[in-house]
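Look for subunit A in each of the two complexes below; its partner is subunit B in the first and subunit C in the second.
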Partner chain A sequence: MNKITPLLLGAAGILLFATLMLVILPGWQMRTADAPPALEPYTVQQLSGREQYIANGCVYCHSQQPRATGQTFADLARGWGRASTSGDYAYDSPHLLGTMRTGPDLLNVGARLPSRDWHLTHLYQPRAIFDWSIMPSYPYMFEVKDKAGTDDVVVKLPEAYAPAEGKVVVARQEALDLVAYLLSLQRTYPVSESEAGMRDRGFDAVIDSGKQ
Partner chain B sequence: MFSRKKRPAQRVEDIDPAFDPWEQSRPIPLFVIAIFIALAIWGALNYVGDLAPERASQMPELPVTTTVPDNAPAPGADVPVLVHQGNASVWSCASCHGDQGQGSGQTPKLAGLAQAYIVKQLQDFAAGTRSNESMRYVATQLTLAEINAVAAYYATLPLPATAAPETGANMARGRELNLHGDWKQDIPACVTCHGAQGEGLGTAFPRLAGQQPEYLFSQLAAWKGGSRHNSPQSLMDDIAARMSSADMWAVSQYFGSLQPADVK
Partner chain C sequence: MMSTLGFLLAISFVVSLVALGVLIWAIVNKQISAGKKEASLIFLDGEAGTMDDPSSASAQAVQDAHRFDVERAGIDKPGARVVLVLSTVSIFFLIVGSIFGVIASLKLHMPDWLAEYAFTTFGRARTIHLNFVAYGWLSVAGIGVALWILPRIFRTPLRRPKMAYMGGALWALGVLCGGIAVGSGWSDGLEWLEFPWQIDVILALGGAMMAWSAVETAMHRDVHHIYVSGWYYLAGLIWFPILFFIANIPGLHLGVQQATMNWWFAHNVLGLWLTPLGVGTAYYLIPKIIGKPIYSYSVSLLGFWGLALFYSQVGIHHLIGGPVPTWVVTLSVVHSVMMFIPVIAVAVNQHVTVAQNMWAFKQSMALRFVWTGALMYTAASFQGSIEAVRSVNSITHFTHYTVGHAHLGAYAFVSVVLFGAFYYMMPHLTGKRWPWPKLISLHYWLTVVGFAIYFLTLTVGGFFQGMELLDPDVAFADITRNILPYLEGRSLGGTMMTLGHIILGIHFFALLLAKRPAEGSKV
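Moving on, here comes the complex of A and B:
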């Protein structure tokens, strides 16, 4: 260890090079990209729904990054939408890309399932719709009341899951916020050429030339 | 050992008095220690900063938009109540399929589909020959009269215009498949059953022109993958099984881009 200075300098140099190529240059490339004009910033309600999304750990099972048709058509066939680009996350801080797909990708769930009532039923009891679903239910986001108030949003439920004795299930604010956030997940606008160019399109080119 | 004894080792005056057989300890350079300390402090500050609660005051002012109720158009007397309001257990049709029945993404456009076709699909959802859990939920809770009513309503809705998808579609390939098929892969032309303009025919062959491309693709994939099997004589099951994914996407985008005006 009598050459500690050159060793450290060498290590630091390698680290700097990697940081430059993997962090600084891509970051600089995306810095010049504006948010897509069709993408709306989140509203206050959607942002608090986003907090619910994080707090309830949705990100552990749901990704927000559909793959390109050049890689696979599987995501498109499931209705998860086009491949995402950096601009799709312009208002996401931190992003919620996720790494697990225990559940479906959610970046376009607002386009695929635009019904607030559907989401309320599903959050209250996923098994009411998908009898095989392994998603947890979120009963603490709802309240069972004898009678719905004027401002209450009543959850539509089949008989098997509805509370007994004519009671109703109404959504708490957390559930409404979370659904507002889910419905804002809609990245269906067309992608500009410069945005698309930032993706690795190596797969696409192979497919396209093979199909000529 | 032997030679060492023979060596004239007694010349004490020749030995360097400063010679040390052991490597001297060399202190770590000061600047390296400084970098480590600085990194540690920076890391600790970062960690503490992350632990701090959300600084609401630092969040940018965002526009507050009020949510507009979805059921904007006042339901007329002839509109089934299910379409815009649903009932105690069933969501309204329009909440997913849109106020004009236009659909979005994987949710199909219902406007302009034949009544008999919609009725058959709803019954197939309930029977399980067409698999979609959300629609099975709906279909199993509707009476036949209700199914007939909503199907009749959507069959008479005017076709909303669709925005042509701007993705790099292989439109020429889609058009080729529609008009002539691809007999090298035993794919018949779409026009032979679905009509010259993709306008659909009878109960079994739905309108394709102007349908949501992602929906068309998902259904072709469902036939190919075996999760939808309610086509008469397994027609579409067999055709889709012979199509490549790229072809299915091309033809889906082609039909999605056809405007209602092109059809009539």
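Moving on, here comes the complex of A and C:
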């Protein structure tokens, strides 16, 4: 190759072709779908909690995309929910699908673990609930006080993790927001066939091939 | 609609195959000339046939090999300052970035360590690590080496070095600000795109200024043919801005569509940005150090265009089994497997060249790094192609296996090639020899052993983690307990690698501070 212009144009052209295939066409296909009627938009508090989820990098250990039963029964069996479809993320910006499961999938954590108090304790000190957990503790989302104020939400803690001398741990606003977001993660409504057709069914095909 | 999309999928694949067919036809019919003559362009008259590595050879051999230093020095000189500054900046980000990596790794098995500081919580430390090493180390070091090699293969001094210098400063400032933003909890939230787009504007501006300098140098070149390293560098410098711009347009992307964009971007950063920097550098240094042109130059055309055609469409293999249409997942899986073609093309060229000259591999520390990196490129690409196959991906997806694979590509390949480039380049750039050659060897072995531990623990641990995640009868508690020893092993390997970086850093600054040797023993 001896010329700069064809080299650069060829390189750029190939990338634009890839952009058409990977970004524009799938986007065009999936945007034809409306948000499922049963899916509520996030409230202001849930959105603030979502900001906390992003700011603290929860996505690097928790996916939000349960797998289909054609691929594995494990996700459903663990209570992570049915296989998700593009409509489930209609209000998600930025997306938080994740690529890692150092911790469990969270797309239905609000349905699986619906207690605010449980989540507050777990965020303050995961090992207060599961001795095997390797999730970080988030003490900076909480405050240790001598006495709880009237509006304060006190975190329930076992003796081993409670602060000394009768002090209490109360949740800061960011912890309350984050829990509000976690509890909003429920995608338990059924999905239509056309919605389900828009997710990756490459694994289902192996099972269904006999029928076709 | 499904049949339409199936048709599109087939079209995309056929287009890629036809393009490759045309290319092979053109080479066979001598429409494009790419032979020994073009491949030997990296040598000045009389240079071919002698080994050239100031990091390892004896002073006499170095002197003999550099009878043409006057001409080389004239070409190297205008860009020397900017390349030196970029090298310094990149080593700073390498060390800080890997320290954050070690912090993140330790936190996975010591979750309450440093927990009271938000800045270093796992999710932020890990993200600072990724962005510092990808954008602060690999990108800056890669651009620095490219701005040094491009004038050499074009036989003309670097154009607009001041502009590149300013661009480098802006870029470094952007990466630093981005890291501080992420540490403070201000993130765009997409993997590989965490830096807030407001800060990305600074990066884009800096990157464009450096690319301008490279392209203008190419336009003023004093040779007819563009050597293969130049294709990779110039294409990379065009690809990255396109990727970065489209990915960062605020408000354009949403929901699952944003996820496909995210992985189109993130995998192309590896494939169309970091890989060209690494492959281009290896394509120059391997034959240059050995003193013989690469094995089969025309095959390198196949490697280059194959990479462009196939690598650009592999990104959605990160969403296999996810809420995205089947056809686009399949498209990426197919192209991932097709990556065997360009990777084998590069492997034939680079590995055969070294294998025929093993004496050089034994003698030259710089070549030892570069070839090790080139071998790991082959390994990482083969592994990646296999990992994209659905049945394998089912196990490895969502696990630490993927982290091991990512480091095989970004670290064992690109980083290690760049280490070799630094060891080769710095003596040329400064006119001084490395003060303690034994430290180069120590760095090499820390890298090899540290990375082997890192990679093997994550690969084995990640495989078991993946098998257990697919098994409904295994409790999540047990999966976590079982992965723990492997995570500890990773911290050990990562610490050794970081130690190697600190040694490189100390050695680098010692070289900068060393007195220039008296005339006669000049490098």
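The working rule: the second predicted complex is superposed on the first by the 188 of 212 C-alpha atoms of A that agree within 3 Å, B and C clash if a C-alpha of one lies under 4 Å from a C-alpha of the other, contacts with A are read in each partner's own complex, and residues count from 1 in each chain.
Everything that follows uses one rule, which is that a residue touches a chain if its C-beta (ideal position, glycine included) is under 8 Å from a C-beta of that chain, and two chains touch if they have at least 3 such contacts.
In this text, all values refer to a predicted model and were calculated from it rather than measured experimentally.
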Partner chain in contact with A:11 - subunit B first, subunit C second, else both or neither: second
Subunit B versus subunit C as contact partner of A:111, first or second or both or neither: first
Touched partner set for A:2, first subunit B, second subunit C, both or neither: both
Superposed model, subunit A: greater residue contact from subunit B or subunit C: C
Contacts of A:130 with subunit B and subunit C, given as first, second, both or neither: both
Which superposed partner A:79 touches (first subunit B, second subunit C, both, neither): first
Contacts of A:95 with subunit B and subunit C, given as first, second, both or neither: second
Set intersection of subunit A contacts, subunit C complex versus subunit B complex: 2, 4, 8, 73, 77-78, 130
Touching residues on subunit A, where the partner in the complex is subunit C: 1-4, 7-8, 10-12, 14-19, 21-23, 25-27, 29-31, 54-61, 63, 65, 67-68, 71-74, 77-78, 83-86, 88-97, 99-102, 104, 126-127, 130, 132-140, 197-203, 205
Subunit C residues within the subunit A interface of the complex: 1-2, 5, 8, 12, 15, 32, 34, 107-109, 111-112, 115-118, 121-124, 126-127, 185-191, 215, 218-219, 224-226, 231, 234-235, 238-239, 242-243, 246, 253-264, 268, 272, 301, 305, 308-309, 312-313, 315-316, 318-326, 328-333, 390, 394, 397-400, 402, 469-472, 476-477, 480-481, 483-484, 487
Of subunit A, residues touching subunit B in the complex: 2, 4-5, 8, 41-45, 47, 69, 73, 76-79, 81-82, 108, 111-118, 121, 128-131, 154, 156-159, 162, 180, 188, 190, 207, 211
Contacting residues of subunit B [partner subunit A, same complex]: 23, 26, 28-29, 32, 62-65, 67, 70, 86-92, 95-96, 98, 104-107, 133-134, 137, 141, 165-167, 170, 173, 214-215, 217-218, 221-222, 225, 245-246, 248-249
